[in-house]
Amino acid sequence: MSKRLVLSALARFTAKTAGRNMTKAAYAAVAAGVAAMVVLTVAPAYEAAHHWVDAVLWTCLVYFVFEWLVRLRHMAGQGRLSLYALSSSGVVDAIGALAVPAALLAGIEPRTAWLLSILWVLKVVPGIPGLRQLRRVLVLESGPLLSVLVIFLMVVFLASVAEYFLERDVQPATFGSVPAALWWAVVTLTTTGYGDVVPITPLGRMVAALVMISGLGVFGLWTGILATGFAAETRRDNFLKTWETVSKVPFFATLGPAAIADVTHMLRTMDLPARTMIIRKGQQGDCMYFIANGEAEVELPGKKVALGEGAFFGEMALLGNNVRGANVTTTKVTRLLVLDLVDFRLLMARHPDLAETIDAEAQRRAQENK
Amino acid sequence: MSKRLVLSALARFTAKTAGRNMTKAAYAAVAAGVAAMVVLTVAPAYEAAHHWVDAVLWTCLVYFVFEWLVRLRHMAGQGRLSLYALSSSGVVDAIGALAVPAALLAGIEPRTAWLLSILWVLKVVPGIPGLRQLRRVLVLESGPLLSVLVIFLMVVFLASVAEYFLERDVQPATFGSVPAALWWAVVTLTTTGYGDVVPITPLGRMVAALVMISGLGVFGLWTGILATGFAAETRRDNFLKTWETVSKVPFFATLGPAAIADVTHMLRTMDLPARTMIIRKGQQGDCMYFIANGEAEVELPGKKVALGEGAFFGEMALLGNNVRGANVTTTKVTRLLVLDLVDFRLLMARHPDLAETIDAEAQRRAQENK
Amino acid sequence: MSKRLVLSALARFTAKTAGRNMTKAAYAAVAAGVAAMVVLTVAPAYEAAHHWVDAVLWTCLVYFVFEWLVRLRHMAGQGRLSLYALSSSGVVDAIGALAVPAALLAGIEPRTAWLLSILWVLKVVPGIPGLRQLRRVLVLESGPLLSVLVIFLMVVFLASVAEYFLERDVQPATFGSVPAALWWAVVTLTTTGYGDVVPITPLGRMVAALVMISGLGVFGLWTGILATGFAAETRRDNFLKTWETVSKVPFFATLGPAAIADVTHMLRTMDLPARTMIIRKGQQGDCMYFIANGEAEVELPGKKVALGEGAFFGEMALLGNNVRGANVTTTKVTRLLVLDLVDFRLLMARHPDLAETIDAEAQRRAQENK
Amino acid sequence: MSKRLVLSALARFTAKTAGRNMTKAAYAAVAAGVAAMVVLTVAPAYEAAHHWVDAVLWTCLVYFVFEWLVRLRHMAGQGRLSLYALSSSGVVDAIGALAVPAALLAGIEPRTAWLLSILWVLKVVPGIPGLRQLRRVLVLESGPLLSVLVIFLMVVFLASVAEYFLERDVQPATFGSVPAALWWAVVTLTTTGYGDVVPITPLGRMVAALVMISGLGVFGLWTGILATGFAAETRRDNFLKTWETVSKVPFFATLGPAAIADVTHMLRTMDLPARTMIIRKGQQGDCMYFIANGEAEVELPGKKVALGEGAFFGEMALLGNNVRGANVTTTKVTRLLVLDLVDFRLLMARHPDLAETIDAEAQRRAQENK
């Protein structure tokens, strides 16, 4: 009987969690858990409220264990158990669920064991927007990045030995060994500069100055590489995201593949929730919109006109008068394609047929609103 | 009677302020007010001149309150009251006018209450050049920027717990709790490195080294993303700004839209006040100018020739002799389109007809000057 | 007799080392040697294990001397002795082999002499991936980089004299001479900020603030220059690397040079070891692959199909269904050309003939798998 | 009689200096002068060698005064006196010549007066390579850069008032007034982080953390803007520099302007001194060279062939065999146009006629060398 309850709970829960990667509940749990763990380490605060802190920690732990089991069961049901268990998110879930208990069972002092709950933050990773993009950049640029890292390490080693040799007699306490000098070198080359270890001999300071300047260089290279990678990646992402949608818009259906590729380079996708105002009457406007899917509503004087998939609006702003003539609001979750004024001009120039279609439509509407 | 005076004052003032976002007077008031507030906090200086300081502060306050009321009245007059009151600048004006009085009425110690006058600097924001551009970049790139921020925070949390675990026994004073360690982590990951909290255990230092290097990474990603966004945004802005103007220059009127788009990519707009020298005789020159609107004056030997909208000059420099042959000065506020030597060459290559027009004109002038 | 042994050893060793720039053994030796040298400087650790440390150091030294001699002999054999001896790697090998012994013979205290073994890390340089690329960027951008450096130095000098003048009376200990102020200036302009030397007079702090802000500027310029250089360099490298391969793929052989240049811009090379899984069944896929050389194996239900040079796979993912239909694994070391979805679309648009070939092939395979 | 001597000296000196902006002598004088000034401030060093130091300083001063007078005279001779006197370099020369004497006459303590000799470094500015380029970037991007600066200042002010409010009671010594807090804010926002002023209250540290993160943001924006500006500027510079030369090379003379613009985008100019080895036999080569002006010499077996303006070499490397077949050396100062392998391929693709010319020439030479 109680088994039935649990099972139904599982069922409901599964339906909720299994789909998306993280539920709002899970995010809340991570936040609460980490916060509680932080409080745990502040003696006075913990004394004051250890009941609450413990309660929160245990609740979160139970939640994550439960979530993990549900997912395992769910995946097992689909015969993808091993696939999930070995996937990064699977491993993260497992760690989140098992690390703390394992530590507690291992007899580690509780307040230390609970520190492992920091690993829960890893559960957030898959949910980070554009993380995939970041990873791709790092992978593609790994070559140069790696070489910069190697150069970084070589500078660190050479500099630290030099400083050790120059400073050891004057400051045996801080430069008494190469490891100590290495600490100095890293702190300096990253331009962190704690100031706990500082060369004082003239020669030592010259070496240090060189290291700092190399630090700027390393920075520069690093950034230069990443900037380059990003530029390429961003172009690629926008293109992919947009292409899917463009090819679905009837308005562009007539175009050949070359033209579509062309258009795709110009459009930007934008996803809006329901009842969001896209255009406010009287505002300045410098872009027009195509509805990829969803629906928008134009508030014309007296009546409201609904625009469905493939419809476009805001083109008036690009044909002379820059001031928006009416409010436009989404009625359901809507994906728009945004065409900036600048690209609009280019597009019109390259594809006169499109220009005509839009002009005609604009005329028609102008008539109507009269 | 006095009412009339105030009203007329209001009228004049409205005419002055309502249009532009900030009057010179307002900028001065912000500067003076903030300066006075700063002095207010320096005990000796304030003792010496508290009359003056108070006078300045109160004057500024009155000014801002007055300005706010005027604007409210003005907008109410146009029936845009709510629109303004809720707009960012409206809110800023309200804060500027009400924050300090509210604090004073709330019985807060005056010298503390006046600190709120720092909020006056917010009035400068709308006047920042290219702020809109900055905002657009941040919005468009918000996705990756956000993910970098999340990564930043994760590193901070993981690192601080690790350091807390490694250092708490050795340095209970500085690493005695995770919040303390968090402070260390932020200071380190941003490569600020105050040096007030520094790991001393070997393991702790290794973790710290990793954090610093990640710091470089975060920097790099951040910059890479922004650099990418900027490149795109700058192109877009120039294009828009120029297109408007180009299409107005008769010289380019003959071109088809494709060619105009082409030209637009090459030209740069430049706005000059009256009586500014554009070209100085005898200088090296590597660009030519088109007058979008306004007027310029060429000082030929003996006579002065006025060039009106659509005229161009400086083309000699691009056709052989690099040295400017005459002074050219603006006679009124003028918007110029600048064409660099490099783009001039491309343009001539792509649009021979333009080349001819310019050559012909150049010939004619050469004749004349003989 | 023993001579024979040595010679055969030499022969074998030569064969192993002479070809590649660094053997795995050499990398290990560098790592071990440097590690040992580091331990050498940590008094307690050295006391504990000085036999081991000395053993490791001497072994590495012998190894490097031996390696150097072998290489000299090998090059002499090919009559390229002087070429090698004077090449950067030749010099590095010589230093690695002779520095420490020279120091020891010169009667320098051993623990100091061994510090020179840090120079062994230089042997790693030639092996750094993408180092050549880095060098090219630095060379091409040397002009602007140099001017930034000059500006950097000028700011340092001007600022330090100013600070010396402003702070010398208040802090004779730290700002007592211009060299001391120079130290402060470098530490500040690189935003390292140790905090060992800090201005305290109001004017001195204003100057310092300016220096810090210039620091950001220097950073920015530096990075901007390098980023620009990198963008260009990366494009160039990929192009070169790919062109070689593309022209070897029969599939593209039919294309004219212009089209090949076009394709080359789109493809990315990827080198894989044997038995690496390229495509996992059920994954999302957004690129297709061409085999430049090597071999891959498709696991179709029931049978395994081998794909040789010039074959392509993964195209299904780009023609409608995004889910990979089968595992593909390399059977030997393989160089692939990767075509991203985005470029695939452009390519199809520009070269319809290619599109047909791929479509046809895709159809055929679809048939087969039925 | 002595007048004659001086005049002739003047004459010779004028001829030497007036042309170029800085003579080697002047650079040496600046270096020596600044060095001496630095020594001047180091008490012990100065005691030891004050005769020398004074001698150097006075010599440099005399030199600069003399140089300035000569230039004034020279310019007066050409009637460009006022133009020079008011030009930046004229002002710098004047300062260099007059600052120290003025200070000495004003009765300032000599060792302080001589500090002004640091202004001599300003004489180096006009000689910085690519400075013009830097300036152009800063001018073109001044808009966004300025707005970032304004944002920077606003963050500084808001943060410092907040910190002052939060920390003044706990640390009256360091956060006792807003100016003090401003110092902290700048040190923190630039991520310099001396550590002399550090918030200790929890809230204060949170504010500080925000400031540091904004610091990264400011960095990022700054760099992003400059990177963008540089990319554009570099393209422009190369294009200009090359165009001049390309149009002079007969080999390209046959091309139409569009093609020249095309070629220009691909070539890179390189200026070499006499007797420099351009190509070393046996090296890997991935570019070919055109001689814009000057002369190069090919060392073929047995004979030496001289190549004059417009000739090209190194093309074999791009047609199959990558190993250089002969040494090539400049015989006089030579400007080369470098064509990278990648661009070579594109060029051949777009302009088959060029391809043929090069092929033919290559064949001919191959024949010859047989």
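The first chain written gets the first letter, and so on, giving A, B, C and D; residue counts start at 1 in each chain.
Convention: a contact is a pair of C-beta atoms (placed from the backbone, for glycine too) under 8 Å apart; a residue touches a chain by one contact, two chains touch by 3 or more.
Which chain is which protein? Per UniProt: A, B, C, D = Voltage-gated potassium channel.
Worth saying up front: this structure is predicted, and the values here are computed from it rather than measured.
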Report summary line: Note: chains that touch subunit B and subunit D both are A, C
Report task. If you tally contacting C-beta pairs, which comes out ahead, A-D or A-C? Let me know. Result -> A-C
Report summary line: Residue numbers at the subunit C-subunit D contact, same meaning over half shared and different meaning under half, come out as different
Requested in this report: Nearest 5 degrees is plenty: how much rotation brings the CA atoms of subunit A onto those of subunit B?
Outcome: 90
Report summary line: Per the C-alpha means, the centres of subunit A and subunit C lie apart by a whole-Å value of 28
Report task. With chain centres taken as the means of their Cα atoms, state the distance from subunit A to subunit D in Å. Result -> 39
Report summary line: For subunit D, residue numbers touching 2 or more other chains are 179, 191-195, 219, 223-225, 227-228, 231
Requested in this report: Would you mind writing out the residues of subunit B in touch with subunit C in their complex?
Outcome: 191-195, 223-224, 227
Query raised in the report: Can you list the subunit A residues touching subunit B in their complex?
Result: 34, 37-38, 41-43, 112, 115, 118, 121-122, 124-125, 128-131, 133-134, 137, 149, 152, 179, 183, 186-187, 190-196, 218-219, 222-223, 225-231, 234, 268, 286, 340-342, 345-346, 348-350
Query - In the complex with subunit D, residue positions of subunit C that touch it - result: 83, 143-144, 146-148, 150-151, 154, 157-158, 161, 164-165, 176-179, 182, 188, 191-195, 198, 202, 205, 208-209, 212-213, 215-217, 219-221, 223-225, 227-228, 231, 236, 239-240, 243, 256-258, 260-261
